[in-house]
Amino acid sequence: MKHRPTVGEILQAKGVSRRGFLKYCATTASLLALPPSMIPRIAEAIENARRPSVIWLSFQECTGCTESLTRSASPTVEGLIFDAISLDYHHTLQAASGEQAEAARHAAMEENDGSYLVLVDGSIPMANPGYSTIAGISNYDMLMETVKGAAAVVAIGSCAAFGGLPGADPNPTGAVAVQDLVTDKPVINVPGCPPIPMVMTAVLSQFLTFGKIPDLDKHGRPLAFFGNTIHDRCYRRPFYEQGKFAESFDDKGAKAGWCLYKLGCKGPTTYNACATVKWNSGTSFPIESGHPCLGCSEPRFWDKGGFYEPLSTGKFGSGAKVAGAAVAGVALGAVAAAAGRRRQAKYTKEA
Amino acid sequence: MTSIDEIGVQVEATHGNVRPILNEVIHAIDRLLDDNIPTTIDLAGLPFGPGELDELEATLGNGELVATLDALGSSRIRETTYPGVWWIEHRNVHDEVVGRYLEVTRLPEILCSQDADIMAGRARLRDAFE
Amino acid sequence: MDLLEFARGPALQVAVYILVAGTIWRIVGIVLLSKKPDYSEARGSGGLGAALKVIWTRAFTAEPFKKATLYPKIMAYVMHIGLFATIFLFTPHIVFFEGWTGFDWPGLPNSAIFFIAVATVVSGFALIIRRMTSPVLKLISNFDDYFSWFVTMLPLITGLLIPVRALFRYEDLLAIHILSVALLLIWLPFGKLGHTFLVFITRGTTGMVFERRGAKT
Amino acid sequence: MTTVDGRHTLDREAERIAYKPPEIRHDKQGDMSTEERVDHAMHHFVKNFNTQIASYLDGCLHCGMCADACHYHVRTDDPRYTPIWKIELFKQAYKREVGPFAFFYRLFGFKKKVTVDQLEEWQHLLYDSCTVCGRCSLVCPMGIDIAGMVSMARHGMFKAGLVPHELHETAKRAAETGSPLGITPEKFEERLEWMADEHEVDIPLDVEKADVLAVMSSIEIQKYPQSMAATAKILNAAGESWTFRTDGFEATNFGMLSGNTEWQKEASMKLIDAAIKIGAKTLVLPECGHAYMAMRWMGANMYGKPLPFKVQHISEYLADALNTGKIKVKKVDKSVTYHDPCQVSRRGGATQAAREVLKHLGVDFREMPNGGDYNWCCGGGGGVVTIKRADELRHRVFKLKMDQVEATEADELLSSCANCRQSFDDSQEHFSWDYTMGSLMEMVAENLEEQTS
C-alpha cells in the first residue's frame, strides 16, 4: 500500500505558509457553512487528514454534474481538495480508457478496500440492464461491485440522488436512485441539477476534514448545505413578507426585483444553498437573475407540477368530477328528503 | 456600454438586509469592549440582494489601515472607519473572491506572524548566514 | 408521493368533492322537504328582497340586545372578519384561488395577515372558553360545537406555525396546513359549520315569512 | 312611582337566596303507555318538519344569544330557559327522523330516541316557561323563529298527553263549550244585553247579513264586559253594518295554545263559517293577541284556502277608521305608554296601528325603552297565565315589564290585549303595583266625537 500523504504535508510541499493555511481553513469553514469559531478545529483536522481514493461512476446522466464541478474555478481552494484526493476513476476526466480504465478502478478498489469513496452521478436503469452499460457491464452490476468495499457513497446530482430526469414520469427505463440500491453503506445525496460546484467540493472536503459522514436531512442531504430553504435565505424575502410580487416576467414588480412566488418560485419548499453560496464563483443565482427557483434539489422535482405554477396552487380535481360530486349531492339530498317525507307520511297515517 | 446594461432591470437600492448586519456589528463591538471577545461574521452565509454588499462596504467605509497578504492568492485586510471593525476579503490565485468576513477585533489573527512560519523563517535565515 | 403532494393533490381533491356533495346534499335535503302553503292575506311581499334584506341585516345586532351580547358578538366579528381576511386576503391563498378560479385580487401584507390570524385565534379561544364556562353554552353545546371549533382553529394554528417554522420543516407544515384545511372542508357541510351556506336559507326564510306578515324582521 | 319597599318584597326575598326552581309537577292526561306517549310525541313533532322548520333546526349555531332575549333566562339565569334548549327534543326528533343526515344519526345513534322522562321534563320548558313571545327570534343571528317551533313542539306534547293540567282543562272546556271560560251562546247574549242596557248602546246580534263580523274574547266577556259596549259604540259610530253572532263569537283559541290542532281548527272554523254565512267583508278581532295570530295568520291555513273576507285586529280597524275619518276622537290630555301584545305587534306585524290611534287621540305618547317590536312580554301569553304552578316564575319575569313601564313615567298604561290585561292585573295585585292596564279601544270609545253629519 503506497503512502498517502496528509493534506498538511501536501500544502507544505507546495510551499504554502501557515498564514495561507489559516486562510484556506477560513474559506473552508465558510464553504462548509460552519461558524468562524470552528476554524482552529478545522485547521487541526485538515492538517492530519489523509488523501482518500475516489472512484467516480457515471450512469444515466448528462455529464452536467461533471461540467458543473469542473467549472468550480480550479485550481483554487476546491482545486486544492482535488489535489488532496486521488481521483482514480472518472470516465470523462481520466486519461486511461477501455480495459486500462477498468483495471484502474479495480486497482483502486483493492488498494483502498474499505476506505475509498464512490461518487455516482446518474440514475440506474432497472427495467432492462442493457439500457446503459459501461465496458459491457450494466450500471447496476458496476455500482454494486464498486460500492462493496467503499467507506461511503456520494450521489452527485438529482439523478443519482432521486432518479432525476430519467426517473421522471413515465420513467421508461425504470430508473432508480443510488439510495434505492445501496442500503448497507452510508449514502450522501448532493442533489441539484446540477449541484452547486462549491457544494460538491465542500461535501468532499467535509468528508476529508472530519473523516465521517456529515449530518444529513431526511433525504440524505448534508444539513450544512440543505438545512435551509432558498426562501429562508432569499434576499427577496422581505418583498414576500410585504406582499409585493412580480405578476409576470416583464411587469413593474419583476423589474423592481420583487418576490417571484406568484411566478412559480419553489424557493419555500426547496432546500439548497443557492441563495448564499450562489453560482459562478458567487456571482448570482436564478432568483437574482429574475427567474423563479425550479426546486431542482428536491426529490421528483420534474413531476411536481408546472415550474411556473405558484406553489400554493392546489389540485382541485377535474371540473367533471366536481360536477359529479354536485350531482351526487343532489341525489343524496333528494333521497334524504324523500326518506324524511316518507317517515312524515307514515307517522301522519299512524297518528 | 455592454448589452447587459440595456436590460431594463433596475436594482432597488435596498432589500433591507444591511441594517441587521450593522446591528450585529454594534453588538460585537460591545462584546469586544466589555468582555474582550472578538467576533467574526462570515458574509458568505448571509443573504444579499444586488448592490447590498457594496452598500454595506460603503457604509462601513475605509479606515486608516490596509494590509495585503499574498498567500494562495491575495487578501486585503482593511480596517473600516469604525476602529476594531475589519473588512477581510480573501481571493484565490485567479483573483476571485473566495471569502468575505467582518472581524470585530483589535488585530485580525491572520495579520499576526505564525509560530510555524517564524520557525521556518529562522531555519532559512540560519541556512543562509551560518 | 410525499406528504405535501398528497395534501395538495388527492387529499384536497377528495375534500372538495365531499364539500360540494355534502353541501348540496344538505341544501337539497332541506329544500325538498314539504312546504306549507300560506293562504293568509299577505301584508308584505314575502319575496326575495325580504330574504336578502334579512340576510344582510341579521349580521348586526338590534339595539336592545347590544349590551347583553356585546362580548360574544365582538369576538364573533373578530373571528369572522379575521377568517375572511386570512382566507381571502393572504397572498399565497389568493394565488391558490387564482389557480382555481382564474381571478386574483389585491391582498394584505403578510405581516398584517399574521397579526389578524393571531387575533382570530385569540377570539377563537375567547369563544371556546366562553362555551366551556357559560352555563347556557355548557348546557346547549354538543360534540359538533367543539369539533367544529377544533377544525376551524386547526388551519389557523397550522398556518401560523409556517412562518415561525415551529416543530416541522416548511413543506411538512404546509402539508399539515393543507390537510387541516381538507379536514375543515370535509366537515363543513355536515356540522354546524354548514351555517356558511345555511345562513342564507335560514335568514332568508325568516325574512320572507315575517316580512310577509309585516312583522319585525 | 317609587314605592319600592312595599312592592317588591317577594321578589327581593327571592334574590337574596339563590333561586331554586320549584318542584316541577309533571302532568299527564290519558292512559297511555310510555311507548305510546313517545310515539305520539314523535309523530306530531315530525309532522311539522317542512322546509322552513328544517332550515331553522339545521341552522342553529348554539351561540346561546337567545338566552339573553328571554325574560325567563334573564330573570333566573337558569340555563334551561335558553329558548333553543326548550325545543331540544323537537330538534332531536328532526335530526333523527327527517334531517338530511337522519340516516346517519339513526345508524350511529348520534341522536337518541326521545324518552318519556325527557318529555315530562320538557313540559315545564315548553309550557310554563315560554309565552311564545318571539323576542328570541329577533336576537338570533340566524333569524331562527324559536317561538313558532315551541308552538309546534306543543302539538307533540298534547298528543302525548303531557300538557299542564290547567291549560289542558281550559283548552278542553273551550273545545266542549266553545269558550275557555265556559261562556255559552246564551250567556254571551245575556251579557250583551246587560252591557247594552248599562251603556245605552245598540248591540246588533245575529243579524243575517252584515259587512262586519265582530267577535270577542271570553276574557273580555267575563272580566272586562265593558269592552263589548266599547266595540259596539265604535262600530256604530263608524256607521258600519255589523253584528255579533252567537254561532261565532269566541276569538280565543286554546286549541292553538295547548297544541291541539283539531281543536284549533274547530275554533277558527266557527268564526270563519259565521263570517261567510253573513257575507262579512271584514272580521274584526277583539283586543286579544293570540286571536290575531290564530285568525289573521293561521285562519286561512285552517280553512285551506284564502279567506273570502279581511281579518283585522281592532287596533288596525281603529287606525283605518280614524285615518279615513269614519270616526273622530277628542284629544286626550294625558301621557300614555303602550304595551305591545307580542302576537299583534312583534309577531303579527300590526305594531304601528296602535301608535296611529294614539296619535289621533293626541296623547303624550311615551314609548317604553326597547318598546314596540322589542317589548318585554307581559308573562302571561302562550297560555302561561292559565298555569297555576307557573305563577311564581311569571311574577318573577314581570319585574322586567314593570321596569320598562315605570321608565316612561306615563300617566296611563294601555294595551290592546285582554290576555295581557289579565296577567297585568294579576301581577299588579301580586306586587301591589300602582299601574293599572287600560284598553286602547276603550279609550277610543270613551272619547268618540259625535258625528255631526
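Note that the chains take the letters A, B, C and D in the order they are written out, and that residue 1 is the start of every chain.
What we mean here is this: a contact is a pair of C-beta atoms (placed from the backbone, for glycine too) under 8 Å apart; a residue touches a chain by one contact, two chains touch by 3 or more.
Nothing here was measured: the structure is a model prediction, and the numbers come from that model.
Peer 1: When contacts are scored as defined above, which chain pair ends up with more C-beta pairs, C-D or A-B?
Peer 2: Pair with more contacting C-beta pairs, C-D versus A-B: C-D.
Peer 1: Using CA atom means as chain centres, which chain is nearest the centre of all the protein shown?
Peer 2: Taking the mean of all protein C-alpha atoms as reference, the closest chain is C.
Peer 1: Which chain lies the greatest distance away from subunit B when centres are computed from Cα atoms alone?
Peer 2: With centres defined by C-alpha atoms, farthest from subunit B sits D.
Peer 1: Can you give the whole-Å distance between the Cα centres of subunit C and subunit D?
Peer 2: Between these chains, centre-to-centre, one finds 37 Å.
Peer 1: What whole-Å value do you get for the distance between subunit B and subunit C if each is reduced to the mean of its CA atoms?
Peer 2: 56
Peer 1: Return the distance between the CA-based centres of subunit B and subunit D, expressed in whole Å.
Peer 2: 90
Peer 1: Nearest whole angstrom, what separates the Cα centre of subunit A from the Cα centre of subunit B?
Peer 2: Each chain reduced to its C-alpha mean, subunit A and subunit B end up 31 Å apart.
Peer 1: Send over the residues of subunit C in touch with two or more other chains.
Peer 2: Correct list: 25-26, 28-34.
Peer 1: Counting only residues that touch at least 2 other chains, which ones in subunit B make the list?
Peer 2: none
Peer 1: Could you pull out the residues of subunit A that touch at least 2 other chains?
Peer 2: 332-333, 336-337, 340-341, 344
Peer 1: Pairs of chains that touch, anyone?
Peer 2: Pairs flagged as touching, ordered by label: A-B, A-C, A-D, C-D.
Peer 1: Inside the complex, what are the residues of subunit B that reach subunit A?
Peer 2: Touch list, subunit B to subunit A: 8-12, 15-17, 40-42, 44-50, 52, 69, 71-73, 75, 90, 92-94, 96-99, 101, 109-110, 114-117, 120.
Peer 1: Quick check: in the complex, which residue numbers of subunit A touch subunit C?
Peer 2: 229, 231-232, 240-243, 245, 261-262, 268-269, 299, 304, 309-317, 321-322, 324-326, 328-330, 332-334, 336-338, 340-341, 344
Peer 1: Name, in rising order, each residue of subunit D that touches subunit C in their complex.
Peer 2: So the residues of subunit D in touch with subunit C come to 49-52, 54-56, 58-65, 67-69, 73-74, 77, 79-80, 82, 84-85, 88, 98-101, 137-145, 296-301, 303-307, 310-311, 345-351, 370, 373-374.
Peer 1: Please output the residues of subunit D touching subunit A within their complex, sorted ascending.
Peer 2: Residues 39-40, 42-44, 46-47, 49, 97-103, 159 of subunit D touch subunit A in their complex.
Peer 1: For a test of understanding, state which residues of subunit A touch subunit D in their complex under the given definition.
Peer 2: These residues of subunit A touch subunit D: 332-333, 336-337, 339-341, 343-344, 347-348, 350-351.
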